[in-house]
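Report on the structure given below.
Chain naming follows the written order as A, B, C, D, E, F, G and H, and within any one chain the residues start at number 1.
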């Protein structure tokens, strides 16, 4: 399978316990042949590593996907240290079901954007699809793969009609 | 001023009354020299035009910014008809202050991503900065402009210290 | 059983996974002898089919019931393409329990109404009862059936008194 | 102007202070030539009158629009006493901005539907448009008027493009 | 056990499915020797019976406890037809966990009060204790029982210290 | 005007700034001839006075109305120290519009009830009406006044019909 | 293990049922060698004991951690009677998942602060860490322990990388 | 006036526009004679300065107060880089009134605490009072000042009784 080596994507999460959700992003990237790294790095518990990662991310990555829950600062902290596109995934949290994660991720102040996806698994999957959409702007093959993905998806919906 | 003609961005909104907010996006694009069109097209009131716009957007645009309020379907409807990156801006609504706009924009099902920004003016501004960040992946000059923008922004913060 | 052939109702849902809820609507229509079709069509994953369905719905249907979850655009997108009465059912979602589905369905802008029911099974059931109420305006037999339904329902409540 | 005398619509509200919002419904009905009455009747302060109104509404009306705020019981109480289609309009409330009105109106139990519209003016306007859509099922002239309304609305949107 | 015959309390609920919660109220009344009836009557499905009950409640009862879920209109509808004290219990609902029940019960308009308790079992229990507090105003024996109840409750808390 | 001296009601509030709302309660009590005291006492800023007030309230009062905003602990703290009926009024707060006040007042644990009214002025008014309803249980004159109040209120609604 | 005897911390909770959460605080204090007592005392069910505890807490304790759920008044009531630092832990509640507990704890009026932590177990753990941070201001050994705790925590995150 | 030089407090905010709220904290510290610095430093716009400030804060400060709005990451980012007590003030935001600021500040993951105060001015004031309470643990004079502050506050409440 041909890969898109110069379009590496980082999939970062604040805790190894977020892996169940964030693997949905990695799986999509894998299926599109987009090279990616999966990294656990916490804005609060490993701030130096997160800071260093973000500061040098542009040397290695084109797009960063960051997932965190609760007071989800990870995507925002990374976005503060890079001008790369940062996509945020609000992880479903225990008490507030991810409403806290969503607001902490999406309500960024003017000047430092985080592109926020839906709470949980659907959001992780879409973060990867959005990263592919960005990379596809300069990669006709990826664009074709995206269109095929959409077509297959539509076909599955149309074939799922209930029996009459 | 040199422009980035082949990286045209569409700034779409569901109603002319959203222009107060969405102009913040256009202003940022203007300041970065990114060519853009500002279009009013409603998912509900002009569905054919919106559909046609989205279906052919890839011929003209690289990135789409879509702002809408209330049951904000515009970004999702456009994203359904294109594989371009679509950035959603939840417009502050009258009764629920944009919480409805936010949830309607961000909670997309797996398969069709919308990159959602903060509610209101900050979100519109960040949508444009995020579009610039995408375009900058293949445009070193834009990357430099983004870095300069960040530096100027940081400088303004540091100079805003209250008098002791 | 006599049926009401010229008063066909469409029960549309965004995903086959919504069938558990939307079948509550179909069951009510069945029990009233109202002819209906159950269709899976997604505003986001099969936009062309959804658009085409809505554009021609008036040729075949009198009322449309549309159920979707999360950023629930289905009912609004259909309502944008038809002047038939469209009844929306917010499907209970994973993270936000259907609050997102409710706001995405009900907060339609002035000009394109969606008649929204309660979140989940009760809403699906009521969507069908509301469709029957519309059809009953020109069908005395249906009106009688509705009154009998209400009477039987009241009787069940009155007979459910706890033992003293 | 020809009117639709046998398709009378009742526009009921819980308080005269709701008239600012509910007049939006009456204005739409007026513009479509649909005969209607505007009535103040409270589920809580004039329960007998509300009950009596609902019990005999089918003698005079085809559709009922009911608007109320806060613990908005009006639409539900009317729906309990008639099998006519009842459309609920959540009035924007003081403290909670209509979230209470919305949930009190829409979350009806299975068995007694209320077709709920958006909070506030847009909801009142759409309630009338939805009533027209119901009446139009048996009135080709109304259907044409609705289509013309939609076309004019689309035209206004398309003409509202910002100057480039 | 001596009872308080002239201080009968009605425990009403909108559905037999609310009995699990509302039995907490009946149990408290039972333990205080307060005579009470447990009644299923729905504001929406048996409006006539609910209306008739409320209109004549003062002949038989001193206080009414009413529990309902979702668009919980029961307490408000009863309060509209009696000047007796009506205590509302918001039943925990499926999708919104009782937030809808709470707002529908508590946000009554000025003029017709409903004394609202917490969502669910604690609220049902407290509704009964509040009814007892009302009855105790003219019943020294009940006052003593209430004080003993509070003292026993405090004792249980103090005895529940974790082992050191 | 005859008064109901042995049925004194305390209207307590956490801050003098709550007086605008709580005066609505005092006005109703005044109009019913119910003797009452208006007291500022804070659960947090004057805990000793609040505690002492609650501990001896039964010597002087029959019913207590307590209004507070934000983390509204006043009604709960008073209810903890008396077995009198305590009615809570959530004052509309600055940031969260009284949602915090409502939840802090109504979500009392099983064992110590607070009868909660709507947020703000309507709640204050209803708190007084509910106190009157309690006192009316042993006061036929008050019952008549309440019925007259309701009748006058209904008359005002019926007379507020918009001009046709 | 050397302990910090003159820096005793009280861990108070409103109900023995909160022990599952609050033990997370005690465990952290234990691991840092901070002497502490675990106490069940309810603002509502044992107000006298809670009041007395708070009034004399400064004689024995340096910091108080208080956890409660629903209308969580415990931390606020204690803070009203002491000038010691009071740290509040909102316990996850049944119906509203701790949103009520959070708002009841954090929205204190100006003049009486409660330092609020996250809802549930993470909040209990952090309450203890914050108490340690306070005590560490005058205890270099505790500061070193905190730094070691942070370092170990960072190490665990860095070692939790998913296998590639 | 004697000051507490070795107990310096930092009052940090994410934007100069937060000064209206955060000055409430500075004013309290001033009135207690606690030396403090007021600093504008943004987690997102000046991450390096914020990081550097937090990393070396323990050399100069004993307690840090951090206020921010929206996706309020400032307090959490600072807390990640210091073991000093960090007190968070959620600034009232435009669209969501500070609910986003509150959840972003308070819902910190286990391991890195932020002591969160109420939204807005009351929170800023209480942040300073809480900082004083911490410093007072080792400063008998500050403790006396705090007690005097509380006594004066109680006196003002008691003197604010409405005229009878």
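The rule is short, and it goes like this: a contact is a pair of C-beta atoms (placed from the backbone, for glycine too) under 8 Å apart; a residue touches a chain by one contact, two chains touch by 3 or more.
Bear in mind that the values here come from a model prediction, so they are computed numbers and not experimental data.
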Chains in contact with chain D and also with chain H, listed by label, are B, F
Intersection of contact sets, chain C vs chain F, gives D, E
Taking each chain's mean CA coordinate, chain E and chain H are separated, in whole Å, by 43
The distance between the C-alpha centres of chain A and chain E, rounded to whole Å, is 50
Whole-Å distance, C-alpha centre of chain F to that of chain H, is 35
Multi-chain contacts in chain A, i.e. residues touching at least two other chains, fall at 15, 42, 45, 70-71, 95-97, 99, 106-109, 111-112, 114, 118-119, 122, 150, 153
Contacting chain pairs, sorted by label, are A-B, A-C, A-G, A-H, B-C, B-D, B-H, C-D, C-E, D-E, D-F, E-F, E-G, F-G, F-H, G-H
Seen from chain B, its contact residues with chain C in the complex are 14-15, 42-45, 47, 51, 69-71, 73, 76-77, 79-81, 93, 95-96, 99-100, 103-109, 111-112, 114
Seen from chain E, its contact residues with chain F in the complex are 24, 62-63, 83-85, 87, 102, 106-119, 121-122, 125-127, 129-130, 133-134, 136-138, 143, 146-147, 150, 153
The residues of chain F that touch chain H in their complex are 15-16, 19, 37-42, 45-46, 48-49, 70-71, 94-97
The residues of chain B that touch chain H in their complex are 92, 97-99, 118-120, 122, 150, 153-154, 157-158, 160-162, 164
